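Note that subunit A is present in both complexes that follow, paired respectively with subunit B and with subunit C.
So, the complex of A and B:
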């Protein structure tokens, strides 16, 4: 006994608390969701109804609009975070006096609560009284009804999401760019390359791991988003900004637990079907390099 | 730059050196313009919204309904704070307490459970390791199943309770926490464990008095990430911790949104109060926070 302990002090006993919490409060509900998504469910009582809930979810226009919006939102927010984060990251990697100030200002919103940011921007985007349209009309531009126009409401919320999240993308890019060995830059200046060559041939390819992280994090975050949209539009006007997560909440509130859970299963499938291949694809490219 | 060039002809070197000097001069001017422009844009995009919230939190109701950025004619931030604290029988105090408890206990449990799991998962490789890795990856990607989680909480009597919401927060933050600890374990040499075991150190003492103190940098990261994540969390309390008694700060802010739809000044005061803890954290631990949030991402 004593000898055995000496040779191997690593027992799975240490894993026990984490495993118990994780299995009971995350994995178990996840597995249960596949079953309950096929039931008519009141929490105390259930009746098996097969794929009926999924049919409802996929055929109701008020629900299947969620797919399109979820994907659009994820693509727009992650795309903008990658582009703006990269530009800011490159800029803030230069030795400038204002780097500390700009980085702090851009990063700080990441620490604020989404609800607070959502409320503040709802008032800034107010069509008649909001500051944004007041500023636009000063330049003679008639600003749109940011959150009230069904065509642009989703994009307006996406822009606020980018405002809040671009700081994290930026600091990840800065960390990636800073880790590029100095020799590459020296080699480039010996060969007479300019700033564009440096960006194109050194910064861009060698900050690839950072870029992959930003893409994955912001894309998955975009697919799973709920609180900002819920604070700013509650899915409206109409259903124009409803995403899968907001429909899950609406169905839950209405007491349709089976449909809500079916929505959850659909969200798993959408996230897994898009995120896993993206993850594998990006990692493959990284190895190629 | 010129010094490092391979010597060819004298003339060529000279002209090269001349060009770089000229380039440098115009580049510094260009940089200065770019810098001024960047600072201006940063203030416009990131400073103004914060300033907007601040000045409107200090106005009276009538003035704040104009939603503009002028300085308040009567600066009454303190009065507004008192009003917010008094609202709904001091609900915000209760919310402050709830949020603080949930955040602190979640941090303690995550450090303890996460470090133990990360330690053993790094040191012990068995046939089940790939499966465990898969479960961790699932937790990083897949959103939690809402109503089944409520059902689980209800069946064990933890729905709408503080322990319930804490355990959910811990479960959802565990995958990333375990990953951070496991990655950091690679920097602690295994010989250290062996030496301790030879000296007669037991399993528990090996972990608690030798390994855990060495994991401090990760624990600091976990504190920062969990503090920000759990404190600002809205969705999980909304689902798993409902009820007037159980308000968290984010939930009260959300409820005040409809309650104060005609009193913007109080809504902004509330936003200001809620943003104070992250602001203080940011001022004192700026570097640590940035390091924490990028931790494990560049690897």
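So, the complex of A and C:
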């Protein structure tokens, strides 16, 4: 026993601070929220009411829109981030002049605060005074009401999300592409392959791990997104850009603490139910180098 | 040497620990030892503070109580901050907040000091006291603003220019709108970027609802009447829909905010703005030269016989029961309603309506819009908005009115949706019959 302790220079007690933080700030609230989701709750007073809150939350009139929007938003943002990130990644892993500068340009939006981005873009997207429509009208195009038209408002927000998030995706892709051994490229050029063959047969399959990371991260991020939607549209006009997270927040704002907690439990289940199968599926398709 | 080292390290640790403790307690100790007493007031950032500050300056001079303002947003964001700060015990000494149904949602008995025994309560109007009290007879607030109306503000110059008359029925109003639209101006200013502003046509119609259906609020609270199935109440939503259907609003109404709306009204690019009279102090500050170009008329009903304003009871100051300075706050409240305090308030304010304090003479230079509304108050042709007659106000009304007001839903669908929304509120409040 003594000997064993000596061989491991640190005791497990060193884990305690981290474990305590994790327990107090993650595990405990999670368990509590499962409990409070089944209560009528005013923060100071509660009464057990079973699954009533779940029923109320799911019959929320904007819930249909919310579910649909959440999935659309997650698919659109993660899809675009993968495609654009891959293209930028391939481009920026070439040996170009001032590639470092372009890389930082692409990554820069990721450093900004989401709230600031949201406020800036809702000003830029103002239908009559915004810069985007002013620029479009210069070319003779009448720009739409980006955030006011219920048909495109969600996509407008999704585009801003892509603008902000594509930098991270690109960096992950660059790392993935750079780690592909040079020998494969040499072998391909001996066999007489061109640039397209290189992309199709080497870069694409071998950057699969990077792509899976990007898909999972941005898909989960899209499912539980909140801050950008809230700063840009607050779920509006009306309920047209409501997502699950914004519906939850509105319940919380209104003081329906039990219902909003039930909503969070539902969101947790939805994210897990969509993300786990996706993760397993993607992992199975990875190839070894 | 070793001993010295040990001593030094012990010393350092002690100093650090003491410093830490002092740091934690710093806020408390400095405030109690200060010569001047201070109270903190949490106030919303969308209301004019000119008059309130005139009184707090007086309180500081005369009573030695300094007022420190903290700001919060208005609308549902503000509700959220109020609830959260109350629940976490982090409320300022005094809170500025709506009276009526929104107050009821804050659980006042638990959070605020009962002021019903205070002598100054005698001079506060009973209609106001009803909206800041609960069943136990406790009164929680003192009026912090004047009585407001939710009505149609209009630019008199535009009216003169186009030869229009103040409408007495809804049809006349719509006819005016048509003429204004033909003249190339915005007939109705919409500022739905700030969603709460979309509620005014619905909420400001309560005078007409009550004219037809006087017992509606009680039945509504007791779950015996619904908006969607009460024709008079549904009519309020229909009016909102009509304004959209006829295309009377500015094209970018979904992206226009409150400040821009005020600008349009002042400059006459927009003729009508259905709004609360809290715009008047803002007009007085930002567009003093145009202030008296702005008049106001009540949202008309369908018949000529009944015509009156829907009134909003003043916002109130509530004293935080768990605050550290309840006694100072009580003194502050007394000073605020002292004769001199009220005098200062009236002098400084660009008033947006009559006060909820008895025996106050309004000065002659009140804005034109207030002159327009005073006769209605004198003749008793006003009715409180629904939120002051019933504890029920659903949290999603502003989203629903945005949808109806932008053509996303019909009036009937909107009213039905709001009925569902109200049901949740009733259950959260634990009302009987739901």
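We take it that the second predicted complex is superposed on the first by the 274 of 289 C-alpha atoms of A that agree within 3 Å, B and C clash if a C-alpha of one lies under 4 Å from a C-alpha of the other, contacts with A are read in each partner's own complex, and residues count from 1 in each chain.
Definition applied: contacts are C-beta pairs under 8 Å (C-beta built on N, C-alpha and C of every residue); 3 or more make two chains touch, one makes a residue touch a chain.
What you see is a predicted model, and the numbers here were worked out from it, not measured in a lab.
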Original post:
Clash or fit: how do subunit B and subunit C relate after the overlay on subunit A?
Top reply: fit
Original post:
Between the C-alpha centres of subunit B and subunit C, what angle is opened at the C-alpha centre of subunit A, expressed to the nearest 10°?
Top reply: 90
**OP:** For A:43, decide between first (touching subunit B), second (touching subunit C), both and neither.
**Re:** both
**OP:** Could you tell me if A:79 is touching subunit B, subunit C, both of them or neither one (first, second, both, neither)?
**Re:** neither
**OP:** Considering only touches as defined above, state whether A:221 meets subunit B (first), subunit C (second), both or neither.
**Re:** neither
Subject >> Which superposed partner A:12 touches (first subunit B, second subunit C, both, neither) >> reply: first
**OP:** Figure out whether A:148 sits in contact with subunit B (first) or subunit C (second), or with both, or with neither.
**Re:** second
**OP:** Please determine whether it is subunit B or subunit C that touches the greater number of subunit A residues.
**Re:** B
Original post:
Which holds for A:126: it touches subunit B only (first), subunit C only (second), both, or neither?
Top reply: both
Original post:
Should A:252 be classified as contacting the first partner (subunit B), the second (subunit C), both, or neither?
Top reply: both
**OP:** May I ask you to decide whether A:237 touches subunit B, subunit C, both, or neither, giving the answer as first, second, both or neither?
**Re:** second
Original post:
With both complexes placed on chain A, how many Å separate the closest C-alpha atoms of subunit B and subunit C?
Top reply: 5
Subject >> Set of subunit A residues, in rising order, touched by both subunit B and subunit C >> reply: 43, 126, 252
**OP:** Quick one: which bits of subunit B touch subunit A in the complex? Just the residue numbers, please.
**Re:** 1, 4-5, 31, 34-35, 38-39, 42-43, 45-50, 52-53, 66-69, 109, 112-114, 116-117, 119-121, 123-124, 135, 138-139, 141-154, 167-168, 170-172, 174-175, 178, 193, 197-198, 202-203, 206-207, 228, 231-232, 234-235, 238-239, 249-250, 253-254, 257, 264, 267-268, 271, 274-275, 278-279, 281-282, 286, 289-290, 293-294, 297-299
**OP:** Spell out the residues on subunit A that touch subunit B in their complex, using ranges where they run on.
**Re:** 5-6, 8-15, 17-19, 21-22, 24-30, 32-33, 36, 41, 43, 91, 94, 96-98, 101-116, 119-121, 123-124, 126, 129-131, 134, 163, 168, 171-172, 175-176, 179, 186, 189-190, 209-210, 213, 217, 220, 224, 226-227, 231, 245, 248-249, 252, 257, 260-261, 264-265, 267-268, 271-272, 275-276, 279
Original post:
Any idea which subunit C residues touch subunit A in the complex?
Top reply: 76-77, 79-80, 83, 87, 105, 107, 110, 192, 195, 251-252, 254-255, 395-396, 399-400, 402-403, 406, 408-409, 417, 420-421, 424-425, 427-428
Subject >> Residue ranges of subunit A touching subunit C (in the complex, touch as defined) >> reply: 40, 42-44, 56, 61-62, 126-128, 145, 147-148, 150, 234-240, 250, 252-256, 259
